[in-house]
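To keep things simple, chains are lettered A, B, C and D as they appear, and every chain counts its residues starting from 1.
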Amino acid sequence: MKNVAVLGAGRIGRIHATNVAALPGVTLKYVCDPFGDAAAQLAQSLGAEVSTPEAVFADPSIDAVVVGSPTDTHSDLISRAAAARKHIFCEKPIDLSVPRAVACAEAVQAAGIACMIGFQRRFDPTFNEVKTRLDAGVIGVPEMLVVTSRDPGAPPAHYLKASGGIFRDMLIHDFDIFRWILCSDGDEAATLHATGSVLIDPAIADVPDIDCSIVNIRTKKGRLAQINTSRRAAYGYDQRFEVLGSKGMLQAGNHKPSEVTQSDANGVAIDKPENFFLQRYREAYRLELTHFFDVLNNGGTFRSTIADGVAAQKLSDAAAESLATGRVITL
Amino acid sequence: MKNVAVLGAGRIGRIHATNVAALPGVTLKYVCDPFGDAAAQLAQSLGAEVSTPEAVFADPSIDAVVVGSPTDTHSDLISRAAAARKHIFCEKPIDLSVPRAVACAEAVQAAGIACMIGFQRRFDPTFNEVKTRLDAGVIGVPEMLVVTSRDPGAPPAHYLKASGGIFRDMLIHDFDIFRWILCSDGDEAATLHATGSVLIDPAIADVPDIDCSIVNIRTKKGRLAQINTSRRAAYGYDQRFEVLGSKGMLQAGNHKPSEVTQSDANGVAIDKPENFFLQRYREAYRLELTHFFDVLNNGGTFRSTIADGVAAQKLSDAAAESLATGRVITL
Amino acid sequence: MKNVAVLGAGRIGRIHATNVAALPGVTLKYVCDPFGDAAAQLAQSLGAEVSTPEAVFADPSIDAVVVGSPTDTHSDLISRAAAARKHIFCEKPIDLSVPRAVACAEAVQAAGIACMIGFQRRFDPTFNEVKTRLDAGVIGVPEMLVVTSRDPGAPPAHYLKASGGIFRDMLIHDFDIFRWILCSDGDEAATLHATGSVLIDPAIADVPDIDCSIVNIRTKKGRLAQINTSRRAAYGYDQRFEVLGSKGMLQAGNHKPSEVTQSDANGVAIDKPENFFLQRYREAYRLELTHFFDVLNNGGTFRSTIADGVAAQKLSDAAAESLATGRVITL
Amino acid sequence: MKNVAVLGAGRIGRIHATNVAALPGVTLKYVCDPFGDAAAQLAQSLGAEVSTPEAVFADPSIDAVVVGSPTDTHSDLISRAAAARKHIFCEKPIDLSVPRAVACAEAVQAAGIACMIGFQRRFDPTFNEVKTRLDAGVIGVPEMLVVTSRDPGAPPAHYLKASGGIFRDMLIHDFDIFRWILCSDGDEAATLHATGSVLIDPAIADVPDIDCSIVNIRTKKGRLAQINTSRRAAYGYDQRFEVLGSKGMLQAGNHKPSEVTQSDANGVAIDKPENFFLQRYREAYRLELTHFFDVLNNGGTFRSTIADGVAAQKLSDAAAESLATGRVITL
């Protein structure tokens, strides 16, 4: 039996706490949040207690912490959890600063604790099925990847102030998909070109940020990847990728609320994609925590490590630099 | 808070017990099964106790029972639960005998308790979405229904001995879909023609039973329905229907394990349907019990009543008679 | 080089004449129609001459006639063409009366000429691909067939006066599909049940006729077929069938004008089906005449013979009798 | 009536000659090819005569020429046709050298003749349907374009020697799609990044050329485009694009030989795409010549002008420069 504290009782904290509470062999003991009401409500509904990070790190009965608090608290909490020798599941990103993310990785390694970064898309049933078949060789050697990643609508510009920009906030997931799908044999990005625009909301230019972007990556082995992203897709949350191999192609499509087809005078229509990441990745969020505790209990390696977290952030930084300079970045 | 006993710890009993245990506001108190080991294992894993129907019916703390035991015990358990004034959720069918099913319905009504029959397909997200849009009028007035209902493989012939035959065992669900989709305004079947064959396993002829069938139904308002069923579909569990209305068509398609498309020298392939009813209707089983307790707590009418159960069995009997006599049956 | 006359310059006659004129090795010599203007216009646009059936049958240079005139002229023209020893391509049906159709078949056989009936659906690229794969055994032995056949809209009731009723006018194609797909090994219908309603246009009841129908067929080998038809599908011309075999299923879907998918706030929509039979079967009409002249030139058997025409009409008659009597018909 | 000569009797020349010969109001008078046998065979089968460019340009009865000869003859034939005041339909590209292409455009303008470049994809029913709906505003303002363009298999390396490289040979079509879809309001490419690899056939590196590539384009208005291409797709000729707009997305999918779906133990499979450009664009080749003569006869502007040809070649040159230098190119 593992005793667990969830740090953060906001949107993502609630998802993780609920999933932790439902796992067999795992006890959700504490929920922490500076907003006491949110923590109290969440703790009560799940039969846990409210606590503070200090108390959690000092409690010898706690085996692991799940970090779901705001991004700017992650590196501090990781460092303190490592010092207290608690295993860590941390939401992406580790930190908006690559040097601080690297420092976290070093602290984790020095402490000898386990640390998994929550790239939940690696646990999405569809995305993971692509990965499984790819590794099984059904399309031969992977050569090219095309990732489409579009939010249903842009958040208010002020929300983006603290986001680190589109590449660190949004494309970090897509850079992780790139590495997971195209680089599993030790390959890595060699050059990267990114550009983008403000086409949706002029206020985003004042952040300053962009609201849509395109990225080209070429790997050391010559593989090619393209990522296109937008903060707005009028038809819902659009999350697809396709990988071309020497013997075929695998495409990961959107999930839909139902399998209804409606035919009428306007056309033949299926459902729009699941509306947002909370719906689309609901199962992925559950499965990533199942995996985390399965590795803690039974050994093995995490499907997404803190090293993966650092690597994705380096690509985000490179993209930001390419956008700023108008140049191709060599990694 | 409702206290509940689940009667039956076999395949379907386990599903219901697990769903009951996870519902907020509901306590799974007892699990009963003549096979004590099954009951003990299930009860322990869910924090419940093993009991007997006698003890359950005698326990004043119990509000409701969930009947998931073999078909030939249903009517007895319904009668006794009604006498003990426990609310009832009962797996289909009520009983293989229509008169006994009618007697159950009368007992339930006399006792003034609530009784819901588990036609779980009415809770399938896709099927229910069709129903919702149909009721909203998106395709106008419904005129014609085509139901395709195919199992992945035929069970051993000896299993079918106690099944009541393909119409009472398998098509009862399809007859319920027919009534739910095409008869919601009080319409009912007027004439029915059914025929079938043994094409899959000759041993099924010795049961005696058939392994594939086709049914035509015409309603009092002249609406038309066709049902085709088979005990075998090499590509998995095939559960579809389509309804044609004056302004369009709604089709309910199969659910798939993932949204992966694989393109190679052999073609462009998506996943086969979910393999069997436990996968396809997993969410439906959860939602039907959520609905049951929601109605118990907050009032309203069940989406599938004991009257619906009786009506579907009458259609099953009519189909069996049509097959036996080679005639069109007038209802 | 074959010299050909097309009898009939209406809608279907124009299609056939245009296709004949474009075939290499075939010369469209004459076009005949009681409405001289139609014949003259068609003949001129295709470089042919206007003539009369009398002159055509008397012209020794004519090898074959294509009969595309109104249904009630078919049997007379077939008899006269046979007497004149001209090969015949005749639009379905041979005649609304089965005895007259049988007489035509006998006349053709006695004359020793070739006669093909235009069941153009056998030449549709999609339908024919199903047939080819079925014959290749990709889904094992065929067991069950479901045919959906819906027109975009009902014709005026007065047009239906001379049609012979929905079974002889519309379902004759579906009965032919049934025989082609499910009976290619000599199997034949054993019993048939048909019913239907007037749900679209009350004036159709006064014809008298029905505007939607359902049919169950069981063959001598126990195979099962269902046909559902409607005179109206708000989303276009709906022409599909699926055949279930011991090892899988083949489905023939609708053809679309384009492969565009439009995703917006309303859903994810593809094109409606091709709007009517002239579009959907445009290629089939071309291919059936190519086949006709290929067999005339190079030998072989027609893919749809006059015997197929007679057999489909017998099923149409059986369906009409089942509707009229409310009984299952034994063939 | 227009009299026409087709220059070139190879693969593409035969397609154009056949389409010209079938057009009403157009007479195919001459076919020219240095390989006399090819010209003779083609001319005979279409009722035309063999001739030479000299004779064609000197014949006052000739209104227009269709240039389908090898790429390195295009600019010479265009110049001579312009001098002889014959209207010109020319296969893409105008010339592998942009200055020579510009010179052709100037010669055409000076002569006051009409000249259309054969970007046949603009006439593909699916692609053109996207364009039509886009222009109708169904997805609002276009913001982002993703083009996937993959051949079924790489040609022999020696064939590529004279091709001008993948950007001038293959992507010129995709650059034209980019301009047609994203730049119809006068927008143009502002910056372009291209890279690529040899992943399919090492011999292609010796040409020297690459066999797969990715391109990022940002327009003056900030719109974004990505193109991914490969010389090999194991599943056939893959020709898709999607355009994201402020109100939705339009996707152009592949065309298939049939609408058959096969479900078996391996999955649920539809047809692979049409195998190669001759099948996929068969209708487009027919429609582009119909359009050419329609404009000649009735006035209007060509859907793809010689200016479009020059513009696409400038983008091809920019891509080649980006690949060679590893830099982002400003246009």
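Just so it is clear, a residue touches a chain if its C-beta (ideal position, glycine included) is under 8 Å from a C-beta of that chain, and two chains touch if they have at least 3 such contacts.
No experiment lies behind these values; they were computed from the predicted model shown.
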Chains contacting each of subunit A and subunit B, listed by label: C, D
Higher-contact pair (C-beta pairs counted), B-D versus C-D: C-D
Longest centre-to-centre distance from subunit B, chain (CA-based): D
Distance from the mean Cα position of subunit D to that of subunit C, given in whole angstrom: 40
Mean-CA-position distance for subunit D and subunit B (Å): 57
Shared-contact residues (touching 2 or more other chains) in subunit A: 139, 233-235, 238, 247-249, 262-265
Residues of subunit A touching subunit D in the complex: 139-140, 143-144, 146, 148, 150, 191, 193, 195-200, 212-216, 218, 222-226, 228, 230, 232-235, 238, 244-249, 326-328
Subunit C-touching residues of subunit A, taken from the complex the two chains share: 233-235, 238, 262-273
Touching residues (chain side subunit C, partner subunit D) in the complex: 125-126, 129-130, 133, 138-139, 247-255, 257-265
